[in-house]
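When the chains are written out, they are named A, B, C and D in that same order, and each has its own residue count from 1.
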Amino acid sequence: MADQLREYCGLFGIHNHPNAARNVFLGLYALQHRGQEGAGIVSADGVRTYGHHGMGLVSQIYNPESLGKLHGSLAIGHNRYSTTGQPTLTNIQPLLVDCKIGKMALAHNGNLVNALEKRKEMEQDGSIFATTMDSEVILHLIARSQEPRVEDMIVDAVRQVNGAYSLLLMTKDRLMGARDPLGLRPLCVGRLGESVILTSESCALDIIGAEYVRDVKPGELVVVDERGITSIQAEESTAQAKCIFEFIYFSRPDSIVFGENVDKVRRKLGVVLARNHPVSAEVVIAVPDSSNTSSLGFAQESGIPFELGLIRNHYVGRTFIQPEQSLRDGDVRVKFNPVRGILNRKRVVVVDDSIVRGSTMKKLVRMLRKTGVKEVHLRICSPPIRFPCFYGIDMPERRELIASFQSVGEIQEYLNVDSLEYLSMEDLRSVVDDPENFCYACFNGQYQVPLSTPLRKAVFEETAA
Amino acid sequence: MADQLREYCGLFGIHNHPNAARNVFLGLYALQHRGQEGAGIVSADGVRTYGHHGMGLVSQIYNPESLGKLHGSLAIGHNRYSTTGQPTLTNIQPLLVDCKIGKMALAHNGNLVNALEKRKEMEQDGSIFATTMDSEVILHLIARSQEPRVEDMIVDAVRQVNGAYSLLLMTKDRLMGARDPLGLRPLCVGRLGESVILTSESCALDIIGAEYVRDVKPGELVVVDERGITSIQAEESTAQAKCIFEFIYFSRPDSIVFGENVDKVRRKLGVVLARNHPVSAEVVIAVPDSSNTSSLGFAQESGIPFELGLIRNHYVGRTFIQPEQSLRDGDVRVKFNPVRGILNRKRVVVVDDSIVRGSTMKKLVRMLRKTGVKEVHLRICSPPIRFPCFYGIDMPERRELIASFQSVGEIQEYLNVDSLEYLSMEDLRSVVDDPENFCYACFNGQYQVPLSTPLRKAVFEETAA
Amino acid sequence: MADQLREYCGLFGIHNHPNAARNVFLGLYALQHRGQEGAGIVSADGVRTYGHHGMGLVSQIYNPESLGKLHGSLAIGHNRYSTTGQPTLTNIQPLLVDCKIGKMALAHNGNLVNALEKRKEMEQDGSIFATTMDSEVILHLIARSQEPRVEDMIVDAVRQVNGAYSLLLMTKDRLMGARDPLGLRPLCVGRLGESVILTSESCALDIIGAEYVRDVKPGELVVVDERGITSIQAEESTAQAKCIFEFIYFSRPDSIVFGENVDKVRRKLGVVLARNHPVSAEVVIAVPDSSNTSSLGFAQESGIPFELGLIRNHYVGRTFIQPEQSLRDGDVRVKFNPVRGILNRKRVVVVDDSIVRGSTMKKLVRMLRKTGVKEVHLRICSPPIRFPCFYGIDMPERRELIASFQSVGEIQEYLNVDSLEYLSMEDLRSVVDDPENFCYACFNGQYQVPLSTPLRKAVFEETAA
Amino acid sequence: MADQLREYCGLFGIHNHPNAARNVFLGLYALQHRGQEGAGIVSADGVRTYGHHGMGLVSQIYNPESLGKLHGSLAIGHNRYSTTGQPTLTNIQPLLVDCKIGKMALAHNGNLVNALEKRKEMEQDGSIFATTMDSEVILHLIARSQEPRVEDMIVDAVRQVNGAYSLLLMTKDRLMGARDPLGLRPLCVGRLGESVILTSESCALDIIGAEYVRDVKPGELVVVDERGITSIQAEESTAQAKCIFEFIYFSRPDSIVFGENVDKVRRKLGVVLARNHPVSAEVVIAVPDSSNTSSLGFAQESGIPFELGLIRNHYVGRTFIQPEQSLRDGDVRVKFNPVRGILNRKRVVVVDDSIVRGSTMKKLVRMLRKTGVKEVHLRICSPPIRFPCFYGIDMPERRELIASFQSVGEIQEYLNVDSLEYLSMEDLRSVVDDPENFCYACFNGQYQVPLSTPLRKAVFEETAA
């Protein structure tokens, strides 16, 4: 039920394609799950730049006419759910500015932990900020760099920011991509004929028929221009901290992310969960669609049949209208409908990716019980979420995370389920090949980018109070 | 791949609820799969009527403000995909008119085979028609009836029309529902406290927490007013011809339709298919989402594991932008993405509900082969579609239906699959309890409502030519 | 200050022009003053008809794309301010229906006094009504006529309705126009090369470079088709009752209406007013723009200089936001601003076309006094309005017309003006050549189309009570 | 016919009013003639700032809901027609940024002649620019100032820019206004109870019932905060160069601008023109509405009667649809219609404010001649426009100005008028009290702010070539 968490963006850039903007559109369309609040595309034809941004879904923002005005063979795009900055048109990326190197556009996935500090410094030094997004800080740092070459200006800038960032940068004739030294957010390189693509997930390569080449490496700056791809190690990367939640929830199962098939990893989550937290039941169901793959893994390992016990309404848009107050599970009912023939009088395993606040799961359980489910056994494909993320996932505050103040037993009681089991940290680490290279801060509070003192206090002392 | 077929509507009406329009909105939202072209709601407060119609999805058309203007405790609504009438705002139902009984609104699911003839008759007799929809004919017939009571006027009218019709009718204080004597299209009765609901599928009852009571019977007129529910047998029903395609494709699996759980019937389609058309393979996949349930049935019966081999992009809206021409499977790729880890180098059973033109399936197979699938075994949960439907399903003309001019062997070759098996008529009949009560005209050409001579000629002589 | 009165439409139809719809657009644009609520255009290419309607100003509703879809060399259009029917898209004319003669479109300027009665009759006889407009009655009467020829069907229909009507009618290849036997509303014939135009005012001919030919005669039906113009005397016209308010306020001064130059008649209003109600003053000002012409007449006759003492804001749109309550003349101030240099310390004659409720004029006077005007002498180019109009002008009810319950002396006191003079009936009649052929019912209550008993009671007994 | 010239903005700011944004809306509405391309309002409540910008007319951009979100007692607004920067939402003012003094908003009327140079300097020094407007330079200069107090930072900034600027500036609790030392563009101070207003023309004070206090002086910075109004002489003003075109065309006649009644000055233009360029004619007409006032002056001085010979269509919006090509005066005909009764067979004086390209006037004359005018005597209320403006008026390039390459005799022949007379420079100077304090550069090329070398070359050498 991690749809209470929102990642804030999908990135897609392409160099040297006659229909650059159209391909960015398709890429953003494939990455729509990474941000539904708004989107933007900036293109360039070697001389001028063109832009079109809007609020809403990619398919609502663009049409053949608006795409037709985005000339040129170079373009970058961004799907946004905001973590910093209000949801206004001004805050939709890519940001496009003029500076001493001419036009420059930026799209950013992640969250900087020292953005405010850098912003204040630069304001004191005479800078003005046009948006409320942390990403604007990077543009200022680039523009202020004393280095003579654009790529060195960028190296200069990214060395000054801390936190999570996968970046796309564009001048009037170059496409560049960078990842933070811990590699918190994904970014990969693809190829389609003579065109080079940089994007968040490989499913965006598939939609245009491009092939996956490799990941941008942590700390790497990739420069794509008429001479081809140049790799610069912008920052030293001594340790990695890839976001494990990309496998648990965010990425599409048909993507390659961090060099691995998401489907394969996600399925293992279910398999390990079944192995270590078995239960006697008649049916395994997923909370669609995020836990479909792990549920199949659970079913196969446990031998309990997988069934489509919940039907998801995909025409969601905005479900602003709720059923009557009296229907206490109303907002869940708008999204899911139980299939009585499958669930009635059954002992059911419900597999979900995670529990955030717990309130939605409570309603789901209530709805299942009304449908006649005899026993509900909840299996969660992650450890309890106890800490907020500061690297680009929009989470509630710590005090709203149910596992930060309740034990598993208390949560089980609150949710009114017959059994509740989370994946252990150990089990979670077992599903990837290089567990030491991942970030688990939302589970264990071990933040690999040091938090500022006020943040640290807010996180670690608030629940003590 | 029956998304080339479109049913043209979902119906939802409610009587005696303080938030009538809001509940109709939720019902239409649950029935969105039955029509995405436009929607309308008409409400009444016992004195005046109120209406709001629009093009697009229900969640795009309505907001709290527009729903707030739909006063009263009585309302009906309609989701439309047009079969007759152009897609303009004028043609969005419910139709609302004045006649001798005052305000009257109508929403119609189905298709009348003698509408044009009746329309011409009434035009000759001085009537004017404001829309191009066949449904308007019913309103005229009601208004012209000499019967003194409203319910008898309706009986009078429905006896004069032939074809498929599930109807909702509304005056300023009464809700009425009717089904044609063959019962071609579904309509059921639900209850929520003191409120009575009439709707196409029971999933629309679930979303507001209402319970399913029973189906409106073929030939029955149900009248709901302050005295409760009155049943009138408007037309003699000597035989039934329920649309078997509601089970194969149209209805949601979580619905009760024609008194049966769709999920249960749909699963049997897969089971029987596996039993009678076995194949040696490593993986069973569905073409999501319409064949998910039957694929599970196939997997369970065959013992071949069910996998999520195709990921569907649910943010579809309008996929007006296609990938490059060179990508010959482009329009399928926008909708589905194959999961390479699951499919590569595998022998795969693909289960789908039906084949209409065949062109989309051909592209899907091409995409699967590019992904590395070793063998593609296609299993179809219905017999070959050889004849168009005249009862409310929007189908291509007969000459576009691939099975009308090609043998199964030829289709297999065209699609480039390693094996292709359709469900037999006998097997199809075996999945329902009362096979004699269904319409199979699209498979066998046995139309239970006689076709007009020109229609008959068009259908049965065109391919001979 | 007759902007509290609204006429409900402008008509423009053209036959045999390659860009028919574009010319209708321009004609409606020139007639925008006759209705700003919405507009519609229906065109025909001899086989099919096309339509586009919308709410708002003509220039907001149409663009090259929407006009480009209105194919054909025949088109009619309508600007609307509603007198009957709610302001919804359904109620925007031209109405377009199917009937026994095929497609038929209607646009109507005027108001039928027996529409409700006819509607009820036809409802009893089985007709349904799709709109709430009186104009729909005419379509029904045409469709029901037993006459064999279209033109005779129309004659049949117009003979059955009473009241005010200038009509445009269109089939797929013919343009027709009709005027009621009293000739209450204007309609004229124009010509542009081989094209024939029917429209409300000649200013709509000027904009496309067409020439004025003649008025459609009271009771005449004009039929325009490939054989040219045919005239049929549909109804006997024994007396005329042309609306005198077209000269006082509605028509543009640059138009020919009822065969006369509006400018010439309107100027005479001011001249006669000055001659018979002289005053000693330093400045004559108009309430722009409706009384500009008559004010010039007043100034020339009186010898008092004409000045632009009030500046009108033409970007009005919707003045939904009023200045602070404390500014008691706020809503007038949004529309007009006084020029202090002209008005301060002066004795001023204010010329206006009419007084309806009096409330707006009261605010205008208050604003003028604040500006420093020493004396305000109000001169009105019409007699006191004491009776509502039932022939197509949207007026307040009788009890809201200030002159229906207050004497001129009382009104002068209420408005706080130093003198107030209205034009006398005799003077009004003197400005036109054939005064016996005009309707003065709003001044003297002599309705030339008999009112129904309830209407008559409502008008003549309400203030007695 | 100066509607080919466009000024680029109207300014309105108010301090200490409970409905600040609503009053800004009304002020912008009264100033709509100064810019119809877009508008913006920024407000502040002492803590936060709020903004709403849009394209189009003020009344289209704002409604009670959007205004309701603009909280606080302080607000500034801007009507825009762009001179620099493309017409996109990003380029709509007021600009709102963060800098070391917190939130800061700017609205600018005028044009800076050294903006590009300053911009390049600051880009080299590490600044980034988010818009393409010259106004953004001022914000950067303020943010970079080393002065400790906000007002001194602004003084610092305005001393570095050259050209025309009337500015409104706003922090979260202060309203400030500044004018360039030559006073090229207007800005005045008004008062409404305890509220202080800064705005372009006094007509915007009238609409909210505020009184005109005085002009902001050339070179003055006015600071309005809780202590009242503070005046700072930011820049020395040794000479003035007020734009004479504000009197000839831009300002509303009901405004006080540069301390004088526009009406009074504009009327003198007509009087002097009549005195020094008399003609024998029967009628004087204006090209409405800009030359109404001067035409009256001409008529009064000459004794020739003033008539409303051209009717202007005020519903203009976008006149994208032109009449047929064959109608060579089509685009003029859409805007104006001649009144034949007044003009036919007459000798007519046409008074207009100026001639820019001459092409529109040529069409107007052609239309008048078609209407039957016997003689056309054109009288222009300004000298020939020979030079472009660099101080905020959007003019065609020099080579498009007809008077830059044709003599008066040649222009008379081109326009096909019987006589043509312009106002002389001497006469123009005679209509104001302090002629030495005005800018006449568009007539005589004497630019009072030195032009950059490339500009100077472009202006003075292009026609020589």
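The definition used in the following text is that contacts are C-beta pairs under 8 Å (C-beta built on N, C-alpha and C of every residue); 3 or more make two chains touch, one makes a residue touch a chain.
Just so it is clear, the model here is predicted, and its values are computed rather than measured.
Visitor: Does the chain C and chain D pair touch with the same residues on each side or with different residues, judged by whether over half of the numbers are shared?
Guide: same
Visitor: Can you grab the rotation angle between chain A and chain D? Superpose on CA, round to the nearest 5°.
Guide: 180
Visitor: Using mean CA coordinates as chain centres, what's the gap between chain A and chain D in Å?
Guide: 50
Visitor: Would you mind pulling out the distance in Å between where the CA atoms of chain A average out and where those of chain C do?
Guide: Roughly 61 Å separates the two chain centres.
Visitor: Quick check: how many Å separate the C-alpha centres of chain A and chain B?
Guide: 37
Visitor: Send over the residues of chain A in touch with two or more other chains.
Guide: Within chain A, no residue contacts more than one other chain.
Visitor: Can you identify all of the chain pairs that touch?
Guide: Taking the chains two at a time, the touching pairs are A-B, A-D, B-C, C-D.
Visitor: Chain A touches which residues of chain D in the complex?
Guide: 89, 95, 97-100, 104, 119, 123-124, 126-132, 139-140, 143-145
Visitor: Taking the complex as given, what residues does chain B use to touch chain A?
Guide: Chain B reaches chain A through residues 19, 22-23, 25-26, 29-30, 32-33, 36, 57-60, 62-64, 67, 203, 206-209, 252-254, 261, 263-264, 289, 292-293, 296, 300, 305-308, 311, 313-321, 323-324, 326-327, 330, 333-334, 337-342.
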